[in-house]
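Just passing along the structure, written as structure tokens.
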Amino acid sequence: MKKFINHLDNVLVESLSGFAAAHADSVTLHLDPHFITRKNKAVNKVAIISGGGSGHEPLHSGYIGVGMLDAACPGHVFTSPTPDQMLLAAEAAHADKGILFIVKNYAGDVMNFEMAAEMLPFESATVLTSDDCAVINSTYTNGRRGVAGTVIVEKCVGSLAETGANLQACKALGDKVNSRTASIGVALTSCIVPAAGRPTFNIDDNELEMGVGIHGEPGRRRETMREADAIVRDCVDAILTDFKTRNFEPNKHEALLLINGFGATPLMELYLIYNTAAKLCKQQGIQISRSLVGNYTTALDMAGASVTLCLLDDEIKQHWDSPVHTAGLRWGS
Amino acid sequence: MKKFINHLDNVLVESLSGFAAAHADSVTLHLDPHFITRKNKAVNKVAIISGGGSGHEPLHSGYIGVGMLDAACPGHVFTSPTPDQMLLAAEAAHADKGILFIVKNYAGDVMNFEMAAEMLPFESATVLTSDDCAVINSTYTNGRRGVAGTVIVEKCVGSLAETGANLQACKALGDKVNSRTASIGVALTSCIVPAAGRPTFNIDDNELEMGVGIHGEPGRRRETMREADAIVRDCVDAILTDFKTRNFEPNKHEALLLINGFGATPLMELYLIYNTAAKLCKQQGIQISRSLVGNYTTALDMAGASVTLCLLDDEIKQHWDSPVHTAGLRWGS
Amino acid sequence: MKTEFIIAAAKAIQQTILANENTLESLDRAIGDGDHYINMKRGANTIVDIQAELASLAPNEAINKIGLKLLSTIGGASGPLLASFFMAMAKVLRENGDESLLKIAAAFAAGVQAIIQRGKADIGEKTMLDVLIPVSNQFKLLATPNGDIKLICATLINTAEQGMQSTKDLIATKGRAAGLGDRAIGHIDPGAKSCQLMIEAVCKLAMEA
Amino acid sequence: MKTEFIIAAAKAIQQTILANENTLESLDRAIGDGDHYINMKRGANTIVDIQAELASLAPNEAINKIGLKLLSTIGGASGPLLASFFMAMAKVLRENGDESLLKIAAAFAAGVQAIIQRGKADIGEKTMLDVLIPVSNQFKLLATPNGDIKLICATLINTAEQGMQSTKDLIATKGRAAGLGDRAIGHIDPGAKSCQLMIEAVCKLAMEA
């Protein structure tokens, strides 16, 4: 393992401190327990709080700011944060209209946020994101995983909260965006968790992992490496099949296409993937009217990428387009 | 080599097409020869044009837009573009006040842009960026290499051009920013040029390359891998020594600190590097008042990062802060 | 159950976790995200770190403190589950005054029940519960007023071992491995393994006492 | 020098470049950015691709066309340098009417002069000029009205080989290797190698004719 680190025990705090220093104009870092809030606390709005294991940067701390999150709770690398972080974050961010937690659907995250919500002295609600359609048979499971689609949920809910909407409305929009979003990821190499010091999984030079999770969890199957068009076609097919299973007709909607890099895949390849995915969508009659290409929900230093499609309606479009001012996503004024 | 590509010959065009499709609202792609322009051509301003080998994305195409570049000419991977690209880009972007080329100081780029400038039917000037202080003894060489500091030059010159400033003023600002900027990079792994299919250089699991170029060119020396603080200290020392050689007293200035990822290094590590670099600067009496952390001048899939320091003055600060609306850098309205 | 024993048990647990780094790490790498060893180590170390503080507490308070500390230290799936276990266990200890085997078995059962409620899982889902439920059932069965502690411990070690082994051929329907379908088969669940190790360590300690 | 010969030379150059993939690639990997082979291949392929068009042109026009085509095809450092070579060479051919060895040597010298001007380099800087300048000097010396073409070619092949080898022990002061200092020592310059290969290929062709 070769990484820019000092001591294993300090990676998280040093990285968070760097983040806070680089964005000192817009965020405040609290340590022990760790959480990050907007520098200028919002007033009279639902506080949107997310969090999860670290290693997915810019998710979630990079999305703190006007138009998106009020606070984020970073856990250890790939490990859910703990309820004390969420409680203090909620206390710091609470702005008189309750707390909305946005939580990626993993057992650990769900339980830790649940326990925090139970102890919370404020009204709260939770949006669970579960856009990963790699996990097929959800009747056998505790549901699908939340992956890159979480960024879209956080952006839209953050925008709505900014208008002064109430907790129920924010939760409803979050659930709606999540229900209209599907993602699938492909790994070419494994990530290396610093504390483990070795790759999470072994993968041959001629293999790819289709449906990989953002923590390097195994996916649908190990496959032989092939050309980008074929890989992307399988991803788009999986997403469209998933929408059909959920009774959506993707070709009746405008869509947002997000090509997300896992950390070690160059932008050049991500744009090439976008090119293929957008063409395939067009062939299926889907109009891609919004797009995002880059590293938005990473898996440390994993080479690979995920494809996310979000079926838009006027409300989602409006909240996607609205101004956002965060380290990781920024537009409008 | 595992990459998301189809045929080696099509990597560039497919990637450029994806870029243009994902940013169809703001850029226009021209093929054969390849160049990219703003979708809405500016009027009555100096046209700022850059270009260089591909593989450094978002540099340069990702910096096309209001407040930065008017056009960019992407060459093959790591290979300078050719004069015909620059001539057509200049023709398309020319807005009655001449052309300013921003060129990274590599023999190939310099000569190709030079030949274009000679053939150009418009007034033109060129800013050569040469911020890489890894190349020490510039009396023995044709000068230092242009690396991540180029982003700062493009941002500031782009901002000034937007105000209607003339060609000489734009060139002067570009030269000034370049003269006040120093960078040095460190590689932990080699990049793989798609057409070569194998790493550009071999590097052991316990080695790093100090002073590496953004094409994987060898740097100052091969060193034993060590903790981030020690690596970053060497980088900051090299930069400060370089400023002193050029008769700057860094501690008399505010500075912009840019931590740039080469493509495969996670944001988590880049922020950790920022944390150390900012502390070291502070210890030296340098006030870091602007910062940028992320993948801004990459080297395909190389793991590694560079540290850039730009000594600010009021003019540079003003042009750094002004609104910019590009795929790779965006703020203000 | 004295606070002294609780602290000794915490040390024994720390030892067995540290001694099984490779096992725990590879199990979670195979069907999870590879952090289970790190999580358990972080938890075990913290508890041993606060032994001075624990020593000053009554047994039920010490156990509750352990739960709270684990809750804010481990994170992940195992954090809230193990925390819930200890916090629920402490409540039973507080409610009863004696320190009989019966009470300890009841406290253990309350702890397991809390895990079931928090994680909404049951036996056969390829989780730590495949160790904890059989052990709890067995413990309740054997915890008679004059049960032989050495025999009970030996039996529980055995039951834990079997429960842990039983996860190998299961498909996971809870936790991170739930996405894997058939691909989880052939791998022991990491949480089941760490629970088995902890039960073994504590039982061995009790046998020596 | 007939257009036919020019096309045959282009094919011979293409062949020798393709046959030396590994050599050229590793040389540029060692002290450059690894693309010199790809650049040269792209250039050589394009010229062979337009052979039909070239065939319809007078020799000087064909050479100029080659320069222009290389200029818009190769890129990098070698692109404008080789393009300048051919474009300057074409001008000399146009200015003179005959096809004597003397004229060809003069054209070659003009080409080399154009490279010197464009790249602002000279002999001893570890570039292609370490092959081109000695070859040009030697060529001018030998290109007498009744010089023996076979002997001249054999000599030039030799000179090119020596020039190429001479780059091995040089520090680079121009081009991408200029940043390396001592680390460039021990490596042959890739551009010098490709020039040596091209000169060898064309000379061999001329010897056969």
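We call the chains A, B, C and D, going by the order they appear; numbering starts again at 1 in every chain.
Note that in this section a residue touches a chain if its C-beta (ideal position, glycine included) is under 8 Å from a C-beta of that chain, and two chains touch if they have at least 3 such contacts.
No experiment lies behind these values; they were computed from the predicted model shown.
In terms of the distance between Cα centroids, chain A is separated most widely from D. Between the Cα centres of chain B and chain C there is a gap of 54 Å.
Averaged Cα coordinates give chain A a centre that lies 29 Å from the centre of chain B. Each chain gets one centre point, the mean of its Cα atoms, and the points for chain A and chain C are 32 Å apart. Centroids of chain C and chain D (each the mean of its C-alpha atoms) stand 75 Å apart. Of all residues in chain C, none touches two or more other chains.
The residues of chain B that reach two or more other chains are 77, listed in rising order.
Interchain contacts link the chains end to end along an open line, per the touch definition above. This structure has the following touching chain pairs: A-B, A-C, B-D.
The residues of chain A lying in touch with chain B in their complex are 2-7, 11, 14-19, 21-23, 54-55, 57-58, 62, 77, 188-189, 205-206, 208, 225, 227-229, 231-232, 257, 259, 263-276, 278, 288, 291-293, 295, 298, 300-301, 303, 305, 330-333.
Those residues of chain D that touch chain B in the shared complex are 25, 29, 31-35, 38-39, 42, 71-81, 83-84, 118-120, 171-181, 183. Chain A meets chain C in the complex at residues 33, 53, 75-85, 106-108, 111-112, 114-115, 132, 134-137, 140-142, 144-145, 193, 195-196, 200-201, 211, 213, 215-219, 221.
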